[in-house]
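One chain, chain A, appears in both complexes that follow, with chain B as partner in the first and chain C in the second.
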Partner chain A sequence: MSQFLQSIFAGVTVGATYALAALGFSIIYNASGVINFAQGEFIMLGGMIAAFLVALGAPLALAVVAAVIVVAAIGLIVAKTAVEPARGADVTTLIIITIGVSMVLRGGVEVTMGKGGHALPPFSGDKPIVLAGATILPQSLWVVATTLVVVAGLALFFERTRLGKGILATAHNRLAAQLVGVDTRRVLSVSFVLSAALGAIGGILIAPIANTSYDAGVMLGLKGFVAATIGGLGSGVGAVAGGVALGLLESLTAGYLSSAYKDAAAFVIVLVILLVRPSGMFGAASSSRV
Partner chain B sequence: MTEAPPRTPPASSRASLWASARAPTLLFAAALVFLPLILPNAYYFDVAIRIAINATLAIALNLLIGYTGQISLGHAAFFGLGAYGSAILVGEFNWPPGAALIASAALVGALAYVVARVILRLEGHYLAMATLGLGVIASIALSNEVGLTGGPDGMSVPDFSFLGWRVVGEKAWYWVFAATLVAAIVLAGNLIDSPAGRALRALHGSQTAARAVGVDASAFKTRVFVLSATAAAIMGSLYAHYEGFITPGLASFPKSVQLVTMVVVGGMASIWGSVLGAAMLSLAPELLARFEGYETIAFGAILVATMIFLPRGIAPSLGAWLRRKES
Partner chain C sequence: MRSLFRATLAALALAAAGSCALAADPIKIGAVLSVTGPAAFLGEPELKTLQIYVDKTNAEGGLLGRQIELVSYDDGSEAARANSFTKRLIEDDHVDVLIGGTTTGATMGMYPLVERAEIPFISLGGGVVIVEPVKKWMFKVAHNDRMAAERVFADAKKRGLTKIALLSETSGFGQSGRKETLAAAPKAGVEIVADETYGPKDTDVTAQLAKIRAIDGVQAIFVFGLGQGPAVVAKNIAQLGIKLPVYQTHGVASQEFIRLAGEAAEGERLPAAAILVPDQLADSDPQKAIEKDYVALYTLKTGSDISTFGGHARDAFFIWKAAVERAGSVDKAKVRDEIEKTAGFTGTGGLVTMSPEDHLGLSASAFRMIEIHDGKWKLVP
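Our next item is the complex of A and B:
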């Protein structure tokens, strides 16, 4: 029982970061129809930049905020220089562009911060909390709580603000949105800034638990894509549900089946889901899109 | 990309059409025959071999991506499975290499058939996800089945011999891979200009329209997928024997991405584009290797710039530019 609970705790923690990554995929997909293969690099950049600043002597809180801002700015640059000039190109071309961007970002980190692993200190100590026979790290609580706050904030943004509604309108019908005065080009930039910031937050939250390095983004990005697909591309609720489900599936696989095949579990389940429900658990049918 | 490239001149006799379509292939084959005369040492032979392997793989993948419009982000898995199939059958079970190559190709083809029946129902990003997932699963399996594959450390592969002919050294292998490349160019060209090829291009334009004029869409997509995967497996087998040592990295996601990149940068639905794309992207790491660390940045930046300024790929854009100059 305690082992089961332990797996659940671990799964929810990792799942929360997958959820943030999946939200990043969904926001950009909604705003532009692009699957951003550089999303994983935003996650890696968040953790790396924060760790780098802390190593330089910056206070943790300042390093965290600065890292999110820097990564959001990188997201804006990516949107303006790489994605916007290629508007209207077909899906495969856009995929290659985001893959190119991910290589530039990964190479940039490798050159400036080296190939070694980096860690961030936990936000509030590393003394495990014992709960019903299982232990949970304080950092896990930070991960889950922050994710909840971010998701709630995003929901408010998309339902209450003019900009958020504009993004939703563009996702539903670009032309109609333009006709009623939504600046759809701004929507693209905003979606990249938001997704980059979300990725950075996820990367920073998980950095004290799992070491990060210049190449950590590839797998994290793929997992985010898997989570977004499981939930249904473009669905906000789906992204969160898909992320948590994926995290749980992985930690249960690692705990009970085989830790070597933990990473494969994600890809097996996404295949099964695509075959049973080709548009994901919450795809298309859902009306509350984020 | 709905307009199919007008490869066939409309009103011309069968003979001149044959000549016009085959002339570049003959020239290219001749160039390959004389190339060894100017290659100074084994290193250059090795580079030429790598380009030929990648070009053959890119042509096979282009049939799928460029001509039927079906993306595969897991094609390296078929390459890797072919390589490991040969390595295991020859190394562990002492099969003759030729038989192992055929058996691996047949196995991978059968696997691709099953996969195609199941996943080619998906479209766009969902198909990308499914092929990516299959590729990742294959490379994780190759890394973890240590007893059979040697795991992440890789395994060594015996030499290739066929009917008493042992292929050893870069110079001998050069002829093998030059021959497979020319064969791939000729076969792909024949396929594209056949009724089946026209059906494929119709599929790329619009599946619904193609179905309406009587093209069995799913059967065609499945056949091309199997053909493309089998070709990748054969190249994998040959590569394994040439290299003599293989690792699970052959089947990895980055390798799949590299292949798609060659197809797209060179030009979708262009055989010569695939050759060009493979040559450029195989040479780039060699040329950039001395800028350690910066090579990834340069490589990524070149990709982005090519896709922004030449979204149809280099060969089709070049062709359009030449035609405009002529007129």
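Our next item is the complex of A and C:
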């Protein structure tokens, strides 16, 4: 029983970070139809910048807030300088641009902050909490709780604010949105800022548990993309469900089948989903996105 | 009169040879190293170390009166690229010796070209496959993964631990280590009660550890991984409150591991080269002076922490340099033969005595058992 619970704890924690990455993918996909392969880099940047600031002597809370703001600004710069100028190009070109952006970001961090790994101190100690024989770190609770808050906040943003509704409208039909006066170019910038901030939050939350380095974003970004695919690209509920499902699947495979099949299990599920439900669990093409 | 004439002639000849050599091309060392990418923490100190000793040798008058030039390429930790750089080093740069292949994969990718070009090659990779079976032109300075497993088992048995859970990384290093560990266990009288793996970029290994914890009679955990992964494992072990003794390998023998794992690394043991603990060696230890000298020079020139991996590059350089001095030329076949005759060489990795059957020449005693204590490396007596 304690082993089962331990696998669940591990799965939910990791799944929550996948969910944040998947949300980032979905938001940009909705706004532009582009799969942003620099999403993993936003995750890495969050963790690295926070760790860097803490190493310089900044208080943890300040470092965290500053890191999110800096990464959001980087997201804006990426949107303005790399994606927007190529607005007319087809989606494949834009995707290749995001791959280029990811290389630039990764290389930039490698040169300025070094190739070594960095640790971020946990937010509230590292004394594990024992629950029915299984243990969970306070940091894991932070990860899960923050993800819940962020998801709730996003839901409110998309349903209650003019800007959020504008993004939704653009996702459904860009031309129609333009006709009714939605500034679709602003939508693109906002979606990059949102995604970058989401990525940064995920990267910061997971850094005390898993450490971070300049190349930490590659795998997290890939898993986030897988989670988004499972849940259905463009669907907010799908991103969260896909992330948690992927995390649970990985940890249960590692705990009960064999750890050697852990990553294979994730990719098998993607294949199955793509065959059976190409639009993902929640991604019915006609239903509302985000 | 006649002897005077001879002496003059000899002196003239020497002078001519000397000036010839000065005008002659420098001796070229070709290196393919993983200076960027996941194996950068191995390749970067290797490159810096080579450069330090090439510069030092040149400042002291060079080798055989000639200057040494280091031509190096970065394979970005991609084994496939090591091969094309090797081709360039051999065909365009016309190097006299090859050092490198930071990883076992890169080394094995380079070797076919090396064999065809018949050029002496000293690898810095760790896999046992580099020297078993022996390959004519290839030598190795880094400890074998099998030696690490044997050293761990010897120490575990001394503490009365015979049921050991293995947790290996899915990287090349971890998988080669896993194979060697499973092979070495029966011979050492140790039972491997669990055989789990984790990915080098995994952020959570608690599922595997919970499984290991549930096994009856497990007495110790042996983690076979490189770089950051083992730090996550160490943290997860602490999180689960597992009190079993933990062994790591030489793959974590850099200060970064202690920094990342923090308190979770306390009490963990690992087999590693004496370079981690130069000050704790006995004064009579032949390695003491060499380790202290290298550590001082490296820290002075680079300002960064020492790691065992740069030490491998140092050993490779000096084994080659001594071979060239003995051969009196950089003739490739002669140098190869002399490298093979290396005997009683004291390096940062241990005492090296090679033979036609052994192109590594390190004994198991080259590994010291080290415990992490108060955030520092401590030699286990």
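Definition applied: the second predicted complex is superposed on the first by the 284 of 290 C-alpha atoms of A that agree within 3 Å, B and C clash if a C-alpha of one lies under 4 Å from a C-alpha of the other, contacts with A are read in each partner's own complex, and residues count from 1 in each chain.
Operating definition for what follows: contacts are C-beta pairs under 8 Å (C-beta built on N, C-alpha and C of every residue); 3 or more make two chains touch, one makes a residue touch a chain.
Quick caveat: nothing in here was measured; it's all calculated off a predicted structure.
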{"item": "Partner chain(s) touched by A:Ile206 [first = chain B, second = chain C, both, neither]", "value": "second"}
{"item": "Which superposed partner A:Gly181 touches (first chain B, second chain C, both, neither)", "value": "neither"}
{"item": "First, second, both or neither for A:Val218, with chain B first and chain C second", "value": "both"}
{"item": "Partner chain(s) touched by A:Glu110 [first = chain B, second = chain C, both, neither]", "value": "both"}
{"item": "First (chain B), second (chain C), both or neither touched by A:Val226", "value": "first"}
{"item": "Chain B versus chain C as contact partner of A:Thr92, first or second or both or neither", "value": "first"}
{"item": "Chain B versus chain C as contact partner of A:Ala260, first or second or both or neither", "value": "both"}
{"item": "Chain B versus chain C as contact partner of A:Gly57, first or second or both or neither", "value": "neither"}
{"item": "Shared chain A surface residues [contacts with chain B and with chain C]", "value": "110, 218, 260, 263"}
{"item": "Chain A residues touching chain C - in the complex, by the definition given at the top", "value": "2-3, 6-7, 9-11, 13-14, 17, 110, 115-119, 126, 128, 130, 134-135, 137, 206, 209-211, 213, 215-216, 218-220, 250-252, 254-256, 258-260, 262-263"}
{"item": "Footprint of chain B on chain A - complex, ascending", "value": "29, 35, 82, 85-86, 89-97, 99-108, 110-111, 218, 222, 225-226, 229, 233, 260-261, 263-264, 266-268, 270-271, 274-275, 278-279"}
{"item": "Residue ranges of chain C in contact with chain A within the complex", "value": "36-38, 40-41, 44, 170, 196-199, 201-208, 210-211, 213-214, 227-228, 231-232, 235, 238-241, 256, 259-260, 262"}
{"item": "Contact set on chain B toward chain A in their complex", "value": "1, 65, 71, 118-119, 121-122, 124-126, 128-130, 132-134, 136-137, 140-141, 144, 253-254, 257, 260-261, 264-265, 268, 293-304, 307-308, 311"}
